[in-house]
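Below are two complexes that have subunit A in common, paired first with subunit B and then with subunit C.
The block that comes next holds the complex of A and B.
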């Protein structure tokens, strides 16, 4: 057998392999392995105390955990709540980010200060801001309720974060608003709009002025320029933002947990994961819910890349 | 189609005076070219006509009506931008129809007019493509089409050919000329390229530093430049320009330059011995005997561009460019006698043209 001298391309390929190796190891250890491990756990009857046991490696598969999770009468509500919370929270944060970006796009004194201010919700620690908001919204001690009652806007304080339904009288039509869920979604929009704001502002400033000039000469009004130039130019960044925000909000646990503990109609799947693991010490069921989160997100990604991202 | 009048347009950007009292009149169906070096204010002027920039002083009139208070969309003008500014998310057809769509023209009519415009420009097969997939020349056509489709009162073109390669530029220039003859529209065209200005314009406006230096027919501007800037800016190779004094001797006038003397005939000027400038175009110099006293130049370099030769020579302490036929056989280092027709000599005093030879005028219209 004759050994061929390694060519330049062989050397390149070998180098590429070694350069990819660290990343590959990290992905394997912290992404792929946990998913497989989680799947393994979800197919076994494991309690919190069993986690250290040798029995984990026994091959005794069961679908009991999934039966338990899907058999839970609350499950449908929790899934629906999660989807509403995720979609509304993502859309709201992007809309607020869009408005903020349009606001500071033009030239005016104090613009850079306002920009800095807009970032603050995103960089403030979540524990601090949830505590602050709980305090502001508290029915007994909260400044918002006090102000509203004092000025006669409200007859009695609203427990924003602890009341499930709020009956609203809109011009004679009675509407039932899911109070706590709405509050949590508003918080989500407020806290994460800076992320959308930064992306949108960057894209906004990259739109050439000539496009607007051409549109002006072509006879477009300011509104038409927004809908025919700005929005289409932003569409790629907006849909990417929606993708990110949807994934992250779907997996969000800390914000909602710190605000409501999942009470008053704000129980989402991540809180269910927590409840099973640390409320019932049922790691198996907890893992099963986590796998359902994973499955729903996978379906979302599939839909996103097959139909939404294709329009670009 | 419309006429355009500018009255004393002045514009400042901070401390910089971008335009300084610009007056201009463009007739119905006239092709007017604004030409000047970059930063001369020609694009600013175009944007003011379009309504994209507000002038500080002065007035813009279309068909005699002031449009100063009208937004760009109400002025009924069309503009072609240097980098075309095509809407990247729209197909060519949508790009062409955008202006009509914004004016709520019925869909059927938009379709017809887009198709007709595309046929005129030969871009029917591109209608479903996005600008990203088009070549520079095709984009330029779409940009032209977007202006054409609306049949506006006035076309404003901002260096529309500068992003094309040289060969394409020449052919599109010809097409533009044809197109203008066909649609008979009023066009204001901005360029820094004197060849475009001379070949396209019915009327050429030479600008520098926010001021109009000369307005006239291309021939007039070439033959009778109003000042030394216009003289050197228009024409390639550049006009030879020399500083010196006039001397009167034996009924004849001589121009005394640095290290040479030029006979300029019977010119009678009451400038005394004051300093002035003399300009001679490279094609107005012939190599060969004739002049007295004989003018002699030493050839330093020869640029052969194929169709003709440019001879760079030294005349006294000055340098000189001479246009010679391609058969001309000279060698660097050779000393040759020169002949200059006194009637073809341009004389400038304090930068302004002195009307000479008698009978010709320094500004047209």
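The block that comes next holds the complex of A and C.
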């Protein structure tokens, strides 16, 4: 039997394997494995106290965790809150990003400074900006409440982040505003508009000038040019942005956790993951909610890679 | 006035107003963070609505207290250590890996490129509980080096993807001369690829630094011992322990925000490239 001499291509493949080995190992250990491990945990009755016990590896599967999660009377509310937060937060951040991009588009002095300023909410650490906003919105020491009361805009301070409902009297019509949820959504818009801003700005700069010139010659006014040229040119980037923002907002934990801890009607699914694990010490149920999040994410990614990525 | 002129005027007015509103809303929290950190507790309690900054009354006591009494000197060192090590490891491994994915032929190369993107979409909240369980059981969860490995897993896929896109723009012919002269692949990377990719590497380094420096969730869940806290973890600890003394929390927030914003302003162009090329998760 003759041993085949390693060809040039074999050598290259082997080299590639070793070059990718560290990355592959780290990702396997800290991304792929946790997801599988999470699935395993979601099918077991595990509490936070059991972590050092042997029961973790026994093969006694149960669907009890999923039954508990779906049977929870709060589940419907949490799901609805998640959907409202995700949709409104995504739309708001994209709208603000679009506005900011239109404002900064074009040549004028100080433009690059403005661009830098507009990206800073996104660059700054989440703990710093959430604590600053909590302070600004605080009912006792917050500058916003003090100014509003001082100027007679408000009769009394509003606990923006800790009050569930705010009864508003709009020209005789009573409206109940979900106060804390609205504040969290506004924060989401403030913090993440730079993401949309960057992409829309890049797209705006790529629209050929000839389109505008041709339209001007044909007598289109600035507003007409915006609605008939700019917006249609942006539609692809806007829909992709929406998909990405939706996925990320849906899975967002830090912001709400730091702003409200999920209190006052802001409990979303990601907060539920944490609450089950560290509020009720139920790791199994926590993993089950995480699996639901993961399932929804997979569906979105499938949609993206099957349809949207192919079109582009 | 023609319709064209009228609309142009309206647009100009809207634009100036819009810019002013945007600037105010974006900049105010940063301004307020800084101004409040320069005040004493007394000033904050007495005049919560005082918008101005009186240069003569700048009070740095909050910084002193946070740094020396609340352990932030230590947290700064920890954050620098975690971020720098993450950046060095991530850039090194992503350069080598990115080179392999772009230039070497092997089975599963296409699959690798796709799965990199997929992995990058995995949300931290799904990963944190199983990792918490696993490392608590193994008994080494409360470790700053473990945190670095987690950050590496979070940043490597994007870093590799970004560098792959960058390497694809370099003409392979430049390397051929080196390879024919008998250079190994690693010396090609070291002598040819790295010098040519400096801007791409800068983007990746900045981006990775930002992720590691700003990260909150894993640091919050993994670290128990205050000596090991990163800045973000430290700020949360501080905010939970002082109720009225907002000036302390604001001073701590300035400390964690300032380095990243300064970095960003200095190297804006690289970071923007990184943000749009990698489409940062957040």
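The working rule: the second predicted complex is superposed on the first by the 260 of 312 C-alpha atoms of A that agree within 3 Å, B and C clash if a C-alpha of one lies under 4 Å from a C-alpha of the other, contacts with A are read in each partner's own complex, and residues count from 1 in each chain.
In this text, contacts are C-beta pairs under 8 Å (C-beta built on N, C-alpha and C of every residue); 3 or more make two chains touch, one makes a residue touch a chain.
Being a predicted model, the structure only gives us computed values, none of them experimental.
Look at A:37: by the touch rule set out above, it reaches subunit C but stays clear of subunit B. Shared-chain residue A:221: touches subunit B and subunit C both.
In the superposition on chain A, A:206 contacts neither subunit B nor subunit C. The larger set of touched subunit A residues comes from C, when the choice is between subunit B and subunit C.
In the superposition on chain A, contact of A:143 is made with subunit C only, not with subunit B. Within the superposed three-chain model, A:232 lies in touch with subunit B and out of touch with subunit C [touch as defined at top].
Looking at the shared chain after the overlay, A:153 reaches neither subunit B nor subunit C.
Subunit A uses residues 221 to touch subunit B in one structure and subunit C in the other. Within the complex formed with subunit A, the residues of subunit B that make contact are 47, 50-52, 71-73, 77-79, 81, 83, 85-90, 98-99, 102-103, 146, 150, 156. The touching residues of subunit C, when paired with subunit A in their complex, are 3-4, 7-8, 11, 15, 18-19, 22-23, 25-30, 32-33, 36, 44-45, 48-49, 51, 93-94, 96-97, 99-101, 104-107, 109, 112, 118-119, 121-127, 129-134, 136-137, 149-150, 152-154, 156-157, 160, 185, 210, 213-214, 216-217, 231-232, 235-236, 239, 244, 246, 249-250, 253-254, 256-257, 260-261, 264-265, 268, 271-272, 275-276, 279-282.
Looking at the complex, you find that subunit A touches subunit B at residues 208, 210-211, 213-221, 224, 228-229, 232-233, 235.
Residue ranges of subunit A in contact with subunit C, taken from their complex: 9, 12-13, 15-17, 19-20, 22-23, 26-27, 29-35, 37-38, 41, 46, 51-52, 56, 99-100, 103, 112, 114-129, 131-133, 135-136, 138, 141-143, 146-147, 150, 190, 192, 195, 198-199, 202, 221-223, 244, 247-248, 251, 253-254, 258, 270, 273-274, 277, 283, 286-287, 290, 293-294, 297, 301.
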